[in-house]
Amino acid sequence: MIARKPRYTGVIPPVVTPLTDDGDIDVGSLERLVAFLIDGGVSGLFALGSSGEVAYLTDAQRRQVLDVIIGAAAGQVPVVAGAIDTTTKRVVERARAAQEQGADAVVATAPFYVRTDDDETDRHFREIAGAIDIPLIAYDVPVAVGRKLDTARVLALAESGVLAGIKDSSGDDVGLRRLTLGAAGFPDFAVLTGHEVVVDGAMMSGVDGAVPGLANVDPHGYHALLKAGGAQDWARAKQEQDRLADLFGIVDVARRGTASASAAGLGAFKTALVLRGIIAGNAMCSPMRALDESESRSIAAILQRTGVL
Amino acid sequence: MIARKPRYTGVIPPVVTPLTDDGDIDVGSLERLVAFLIDGGVSGLFALGSSGEVAYLTDAQRRQVLDVIIGAAAGQVPVVAGAIDTTTKRVVERARAAQEQGADAVVATAPFYVRTDDDETDRHFREIAGAIDIPLIAYDVPVAVGRKLDTARVLALAESGVLAGIKDSSGDDVGLRRLTLGAAGFPDFAVLTGHEVVVDGAMMSGVDGAVPGLANVDPHGYHALLKAGGAQDWARAKQEQDRLADLFGIVDVARRGTASASAAGLGAFKTALVLRGIIAGNAMCSPMRALDESESRSIAAILQRTGVL
Amino acid sequence: MIARKPRYTGVIPPVVTPLTDDGDIDVGSLERLVAFLIDGGVSGLFALGSSGEVAYLTDAQRRQVLDVIIGAAAGQVPVVAGAIDTTTKRVVERARAAQEQGADAVVATAPFYVRTDDDETDRHFREIAGAIDIPLIAYDVPVAVGRKLDTARVLALAESGVLAGIKDSSGDDVGLRRLTLGAAGFPDFAVLTGHEVVVDGAMMSGVDGAVPGLANVDPHGYHALLKAGGAQDWARAKQEQDRLADLFGIVDVARRGTASASAAGLGAFKTALVLRGIIAGNAMCSPMRALDESESRSIAAILQRTGVL
Amino acid sequence: MIARKPRYTGVIPPVVTPLTDDGDIDVGSLERLVAFLIDGGVSGLFALGSSGEVAYLTDAQRRQVLDVIIGAAAGQVPVVAGAIDTTTKRVVERARAAQEQGADAVVATAPFYVRTDDDETDRHFREIAGAIDIPLIAYDVPVAVGRKLDTARVLALAESGVLAGIKDSSGDDVGLRRLTLGAAGFPDFAVLTGHEVVVDGAMMSGVDGAVPGLANVDPHGYHALLKAGGAQDWARAKQEQDRLADLFGIVDVARRGTASASAAGLGAFKTALVLRGIIAGNAMCSPMRALDESESRSIAAILQRTGVL
């Protein structure tokens, strides 16, 4: 078997987007967050992902966020940029803009909002890849897009060099195993899990890296987990994963029925970062609400229990 | 009971977007289509809807399409513009742009791609309505958005004047009946069905108008149907609806497994318009494919059978 | 066009199953209910349907319920019996038992609990029909089965005489229209809607009859509605349907989050029948809870508002 | 932390049901299969599960299958019996029958076919457990039931002793991790994964055992995998899992569009067992079709590639 050496490995957190109370990008906080993540040992940064509230930001804000992250990263680690939009031409526009801003790679989903199929998704990725000079990573996120990528199609796109990797947030662990087994022959293709609490199992399945939103809160922990997994020290990996799975309980803190899943999850990441002193506030993009004082106290308790605070 | 007089009634077709073979907007064809629709008796035009391939057009193309339609309509009928995007701030930007371009009203969905809830959807519509000076119409389209609007919430937004109407493409006829019954007390609020083949039943349920994609192909037919329903001439309405339901068979002509639902449906509308001599070509936005010669012949046969050709 | 004369037309209520507080079948109440329904002008009775809590009854209870209904009907109207089970052999056993007990026809769904497809569903219906000497009616209920029947397949089974009719509870009004249009050439095949609040529109679409659970509560109302529709008196049909749609509000009376959809809906039917003096109690099968005093008062108010009490 | 010693650990295969060409239970083949599995090192047998075609067998066949398996097991390993039916009373009847036949424990799902909720599911499990004297294991299988069990509810039922374990076939690896973390305090409660290709990761998540359908085909392989995982020999576990994941490719051999997922998967298990010489034929319950000669050859190739043949 060919040794695999994909370009994207390790922890690549989807960077959250700190906001001021007026809803503007909090540039200082974002810069501090980037520095914190790099100090935490991440091997790349994923700008404009779901955890970055990409779907809530205006085009101008997206440009600003990418500029700030690329500037703050200053070449220490590659910056991968989400080009999230409904269909091909629109994604191509965003992908080209990201390339011009200096992104090292682009992440795109299948078409959404429209009724599409596997053939169209195939053409979609081929057309995007053909329009840019930097690598393209597929983003499999059925909870947002409404469809799962077909494993055989993804592998064919990997083989033909259209895709340089995939971020798998599908929650389909069987599909993920098939993907890593199938990708064994494509040394440059990176399989990245998008989940928080099963990274140890995903590494045993053969993934090359992880893109967990929770890594915003504890990059050092995920770095330790990935390092242990890479060294086949599974007992250590499991121990770290169990602690991080406990930490992930912060996304359930928002009172039931009063916050959407996005508001509860991303709001918890921001609140934890405020509690850690990295960002200034936990404001959220409209129409989401921010977590309140009481919820913040519950999060603080979890951070203390798991050794983060 | 208060007599209802909503601003939006009758046939308001979601105008398809003719393209050149290079993928540009075919302005001449679009102008002819608008003239054809107005000649067909439509009472309004819905620009930048799903049938208009809004999710496939670039921002520049969207602006151009809206300009052409408003220009060609020349005030003869109102033009309603889709402001289709993932979340609040992004929709507000598009809604304001549509207002500046001269649209008479804006159509917006609930947030999509993100994990939202009913409270956020409520704030979403309130914030959009607060940001523009023209009426806001909600678009209930679970097949695209992944969620159905809550009927009680819609009625509350109607009562408070946030919403001027709803385009219901949910396929939930029970919900539609509850909506029309509930809206009886809100005289200005328009309930519009987005479906093609049950407009007679929907009128019996009390809808004020229809936004059927198929009205691009046969506006005169839908006008006759709505007129008959308005006059309580249900036998005539049913007869016309049965003919149009037969005509709607054109959306099933594309060979199974070779075209997505969007490509098959919108491609059929365009192909029929080519056959009727209204637009020049049936090119589709990437990644959809256009219908071919063989499929076009099948569509021609249906048009002849239903008296359209 | 051939004049259609299906065997099953008019109102065919899915008879609810009154229970004693001990969870046994309340035979006296069930007999009174059957008499009440026949007095209300129904043209048939559907025993062992979803509204009859078929999925909650033991085999012995199912046999008893069917015996009581057939006995009480005493040949005045045909009795159609649900043969509800997961797959072919199991349904065949139930269908044969129903035939032996004297049922006039059998109602069966596609396979459920298992991962099936359209080919298997086709064989399923053919095998059931081949095993009995009475007519077979398909039951399209995606909310229970998880899949919708394919319209073209249903029509082919109608043409070949396998199916004598369909009860459509799919909520897909477009599919229903295609079904009635397609069934026009099959004079014996009955298209029955399973919904409560859009029967007028469904009649305009060409259905032959209705199987509304709410007809347990107001059979006279549904009889009037079907009669008006049959006479093309659509104004009268719409008026009656609007009243019944208002009455259907009883299914929303159970306090949110404290009752399942089945408990809220079927519980409301039973409670209304208690209030009307037809059955003795509103007990429900385990694990459903019965509606309480407060909810009963809300239902009484709706019954009064709609002229039922 | 309390040391966990659940009663159910290791490999507990859901035993497939060999049939004669006439559709009867092939008793000799079933007895040989049980002997083969026990020789393979399994620690229990799951009779009447999805892989055993429980939803396709008549009641008489179910009784026969359970009798044969209990008889053939002869006390060497415990036999867990599926009590699969739509709602509480029906499941209780089956659970009591299984107990009388000598089953060591009962496996039951949430209510299905009906519209239920978490409260009803809770009462459902409590009532079943209260009606039998042997342990109750919950079966979380959304693909069949249409709903996922709520993790917090399951843990509460574990704490109160209602549930002795769970078979998790939900495919939700995040939920599984939360379950194992939450179950850490309940020493008797067994967490079993129902999946085939991520057992190594699931063991790292802390599961106590596995119920993989593929273990019918290669029980020795799964035994080696579980043993390696139990000994924290993760490199060995991963190696064995990768081989078994490759073997699992047999479920994709059936020609696309010609077999349902159940027919393709269960048919592949039976065909492989025929090829291994354990059972006599690969007949399937109606309406499923059996795999054919060509498909059998493809399966043989996979068995050879993975060292099974």
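Chains here go by letter, A, B, C and D, matching the order in which they are written, and residues are numbered from 1 within each.
In the analysis below, a residue touches a chain if its C-beta (ideal position, glycine included) is under 8 Å from a C-beta of that chain, and two chains touch if they have at least 3 such contacts.
Predicted, not measured: the structure shown is a model, and the values here were computed from it.
Common neighbours of chain A and chain D: there are none.
Rounded to the nearest 5, the angle that brings the Cα atoms of chain C onto chain D is 180°. Residues touching across the chain A-chain B interface largely coincide between the two copies, over half of the numbers being common to both. Chain geometry summary: the mean Cα position of chain B and that of chain C are 35 Å apart. If you average the CA atoms of chain A and of chain C, the two centres end up 49 Å from each other.
Of all residues in chain B, none touches two or more other chains. The touching residues of chain D, when paired with chain A in their complex, are 171-174, 176-178, 181, 195-198, 200-202, 204-206, 232, 234-235, 237-238, 241-242, 245-246. Listed in rising order, the residues of chain B touching chain A in the complex are 23, 50, 55-59, 84, 86-90, 93, 111-117, 119-121, 123-124, 127, 143-146, 258-263, 285-288.
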